[in-house]
């Protein structure tokens, strides 16, 4: 069964059709790359699937159940996680707290328990804190664990976005350009982690990226969107060879490749 | 709390002690009692703004609703009024509620479209007509019963302390409705909506005389603490006065005032314990996350709408509780006195000056601002006298300035506020 | 050797707490491209801000064409011919795309039409979207607006903080092409990049910053060739 | 004839007063919305600053009257407006230097600005009263009416009369002129655009070479002009009483928010909606209806949507309902 | 020797425009007493002002507490609005045993409320005035009127009393519309009143809201004839409404005889504005407090409270404004006085005043007495 199925989805802003009849399928257990020119509608598609925006028309199903128009917090509890292209950190909280707030069903989030069941809450907290510290270490940002998230560098915020998805068990994770602004060496480590999570825990990933190396390293299959529709689908090599994709998205490299021109 | 916090509270206590020593202990306790109530209101607003970033400018309405509870609980019923129209007034109310419910049912059942709109309007209009046909004459009849001192249904005649939790419940109920309707709005739009709703609440209190006596005020409400006048007759008070070397009336006032102070402090202590514990738990972390970034909190699985509603109801309930406490201390409900400046904006000043997002800050803000609100008057006069002391006696300017000394009250308040904000822009005890 | 056109010399400073920059030097010659790379949180953006006067330096100086501009406000530096695209919040979200570009040319008194045409030619999508509020654009489109805004200034030195983050490969190539062209006209370019290999390919000079200090400084090609640098900072 | 009478009656009791009141609110709301969008806070001192500005104009008017200068039939106060504007701009800039600038520098949250403006409100409140006292001051001179009810009846021979006061006519005309000028300024001039840019992204405005202090100064200058105009026109129409200006604060905010904060057009539309709501919803149609209905049928009740008791409540009810359907105002406003 | 008396009025807030003149008038009486040199062997009275705010009862209580326990006043003039007055009485003055005379709290509740003999007022309750005004309106042949009142206990109580008497006398009230003070614009209210119609408009309010309503109604041609109560009386109204007021008829508590004129003369000599609302009542309140102290022979709260009724009511030598010295002297010699004052004060036990009312008409921009009721 496919993890996510999007059928004839439309999202219109006024007269503008940001997503214009997209139909696609994300296989369970895959790491699907989603590429396409700027403004192709990738982020909008994510937002509709994740319940941030209501669709104009069309349906989304997850493991066969319709999730069209469900609010984001319900989707989260169904195991659908996502990151934001423009970092959405909790700016006045420390980096560690940003992670610790993620795990669902914390009993301390219930006022009654918070007031009268201190012991139970403290126990849970210790476990959550340990997990957060592990994630921070993995992302090489453990030294800023106590900084306010509003005051960390742009790339660090991106890492934090990714870190939040690692705080809980998910079924499918949508990554919206986690790589933009992240150091390439670190990005490789992240790529390995994604693959590991996919293998070991069976998470499905959908990855928007403009870095073809990164896509090539982890994704199969790859979907290319353009103008709100699916332009091409297949392995990365197939996509790279697709004329339409080259014209709309990949281009043919630098014209002024070497400064002061060889020619 | 930090050392700075302890220091500031100590300073505040010192200021009150100075009032006691140099002005009078009765005054110090009068200020203390209202400060305690203000601190509770500030705690309520801090829950909404400091925890959740909800811009509620309807504090006045919730305070007033809490106050109304005191009348409805503690006042003796007026049998003549009940006989004149009590039953039909209640029936009218129920009809009103029923027609709103009917409209909601129509909204839920019918598909979207013109038919639904028309049906809802139809239900509401019919409901309005029927309701007012029953309700109007009933209230007229009630208000005609001995209008000079009654003209309303009265209350249940229960012990007045019971009115405090009921006041909180009333406010919570109103807040639930308000929240359901308006919490979809953001920041300033929520502010003006809540402000509007609080004005509506006050209008109801002012015009529905059958319930609250409207602008005619309800006075002489039962008190939770024995009044000084009665205490003066008590032998132990008289002997206490002798030991202290005070007059009996002063002793009685102080004793009675301390009685209130004890009750209020108890309530405040419980509230602050609960608030601190909640704020420093995962619940508090979740609220801060929601405040910082709602979109993201939603994506992280938090039901923002529900949490907002809950905190809105909770904070409003605290304001309602304070409102009920205030009315039971004053012994009267005066709907005409509920003004946004005094019951909404002043409370906001307390929260912000104290330090929003910090419970102790809000409490300190309640104390400091109320203290200033009362004490800037003599300060302003004193300042004016200082300014004019150099001028020739009998000069027009001096006369004008001295006669304008009353306006120094708000001016001084403004200067004090600006100074505090300047030197502690994040509040006296800021959020960490 | 004569002093570079723009130099942030031995800069130390931070955001009020501990120092972020530790005697960090970055410079660019006239008509050349200098690229700064380094891990996340190394202080690259901080160094850029410091050069632009958006951060108080505890030590060190910034000089433009030999003149010490350490004490100037950012808007005075703009008047001196510096242009900057910050890494984040680099557009006017509620103004239209066209107004964003106009604001880039705020200090210019001459006709801006031709420059605007050049920007539209570089980023064709912006022409279609010119009446739309910039805040409603996609991430990559915003980035194009941000760069376009800086180009409108026609500065003598252009500072770009990760201009290619989030733009598609085809646009990135166009952008780098255009940057080379701009540099050829005598304008200095100082940029931070995480698409470091492509960026260093066109760079005359490269800086590797680590923890607020210069780790490696060399020509772009040399850095690309250095296996240590490749492995630790360029992703192999 | 009957229809004409009905219309005249409606205009006399509702349309013209609402238009005049709406125009006064609009000028005030424009100032609020401008400060909100550019300096990013809700300016609570607006009502009281309006009072102080009007007080300055009144001072000038009395001086002019004393010197025997007049422009009858127009009120002398119009001549004194420039003086009031200068005084208020100085006052506002001083307040900015002494109070707000610091918070801009430390990048304080909007709420801190709001509280600071409350402080300024209290101070201004005191200054106005020290300066003008608290009683009602009338400073209108020149002709009171363009035409009065009695003139109108005589002239037209209709049963119903219509009054148009000078102050109302001047208010409506001024408001229109000012609105057009403000739009032109904000959308077409460099200074106007730099203000919008600053309001959008302060840092980036800096990087575009915009001098923030200049933007702030221009904002206060325009605000000064707007609030002195609004205050003077209101005072001419209804008499000057410091406390009334403070009371105007809420309707002005309601207008600005209802229209969509930060949106000048919204402020204007919002102001007229508030004015019409206040006057219209509780308007008793009986008199108008009695003309329109066929002879013999007299309306029995007041033909009123709601009793006047709930006049203010109704205004707010409309406001809440509008916001429920348009959560950021009639014209999409900003959210801070 | 210095005796302190409080003047607790709302110097800021909704009625801030009339309180300064009330305070001036009260202090005028105190000054008259001090200057006479006859008060308690040459003692002087020092007035101490405090702000009641009119609406904020908590602040008012604190202010009253400060006056009593810190400044050490022996009695106070005040407070003004009924809500704060009740709060001050119940929570501060009664327990401290300090007498207060309010010049303007007209709510009927004070008539019945228990006060331990600490509360008095010089303003008669509105119930009677309502009846008298209703008679006047009917007498003048207006059988159908529209009614508007300021929306507080004064206005609503007054309106109830008026309406009851008026309809009982055969008149019809077309509509009753409350109005709020300090709103500036009253066209909506006038629109409704005009729509309801009626031969005249009865306005029971204050100079601000009532005055604006009157002017608006006149200018919109809604009504030609107006009736009004005591709250609006004053030269300020004439100045602000001009020709609209011509022919308006109204009532005001007023000494039958020379009291009011005497007060006007005293006030004018001292440069105090006498023609504003409740200035007469304020003067009388202060005068009674001083006279009561003199009668007691000591300036103590108990002494004053015990003697208020004695000096205010018959029997005894009638005392008018400006004649306080005479009163003091009589009392010093053990005589008896009946303080008439500016408003013909008659205190019907604690909490209630009776007095005569003057019917006036505005002609040529002046208030002309028609007769007394």
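A few comments on the model shown:
Every chain is named by a letter (A, B, C, D and E) in the order it is written, and numbering of its residues begins at 1.
Please note the rule applied: a residue touches a chain if its C-beta (ideal position, glycine included) is under 8 Å from a C-beta of that chain, and two chains touch if they have at least 3 such contacts.
These figures come from a predicted structure and were not determined experimentally.
Shared contact partners of chain A and chain C, listed by label: none present. Shared contact partners of chain C and chain E comprise D. Of all the chains, the one whose CA centre sits at the greatest distance from that of chain C is E. Inter-chain spacing, taken between the CA centroids of chain C and chain D, is 46 Å. Centre-to-centre separation of chain A and chain E, using mean CA positions: 74 Å. Work out the mean CA point of chain B and of chain E, and you get 31 Å between them. Of all residues in chain B, those that touch two or more other chains are 407, 409-410.
The set of chain D residues touching two or more other chains comprises 129, 133-134, 309, 312.
Of all residues in chain C, none touches two or more other chains. Interfaces, counted as pairs of touching chains, are A-B, A-C, B-D, B-E, C-D, D-E. If you check the complex, the residues on chain E that touch chain D are 13-14, 16-17, 20, 175, 177-178, 180, 182-185, 187-192, 194-197, 207-208, 211-212, 216, 219-222, 236, 239-240. Interface residues of chain C, counted against chain A in their complex, comprise 15, 33, 38-42, 44-46, 87-88, 125, 129, 136-141, 143-144, 162, 165-174, 176-177, 180-181, 183-184, 194-198, 201-202, 204, 231-236.
Interface residues of chain D facing chain B in the complex, by the touch rule stated above, are 36, 42, 44, 99, 102-103, 106, 108, 111-112, 114-116, 118-127, 129-130, 133-134, 250, 253-254, 257-258, 261, 309-310, 312-313, 315-317, 319-320, 323-324, 327-329, 333, 335-336. Remark: chain A residues 13, 35-40, 42-44, 85-86, 140-141, 144, 151-156, 158-159, 177, 180-188, 210-213, 248-257, 259-260 touch chain C in the complex. Note for the complex: chain A touches chain B at residues 50-52, 71-73, 76-77, 81-82, 84, 88-93, 97-98, 100-102, 104, 106-111, 114-115, 118, 121, 124-125, 164.
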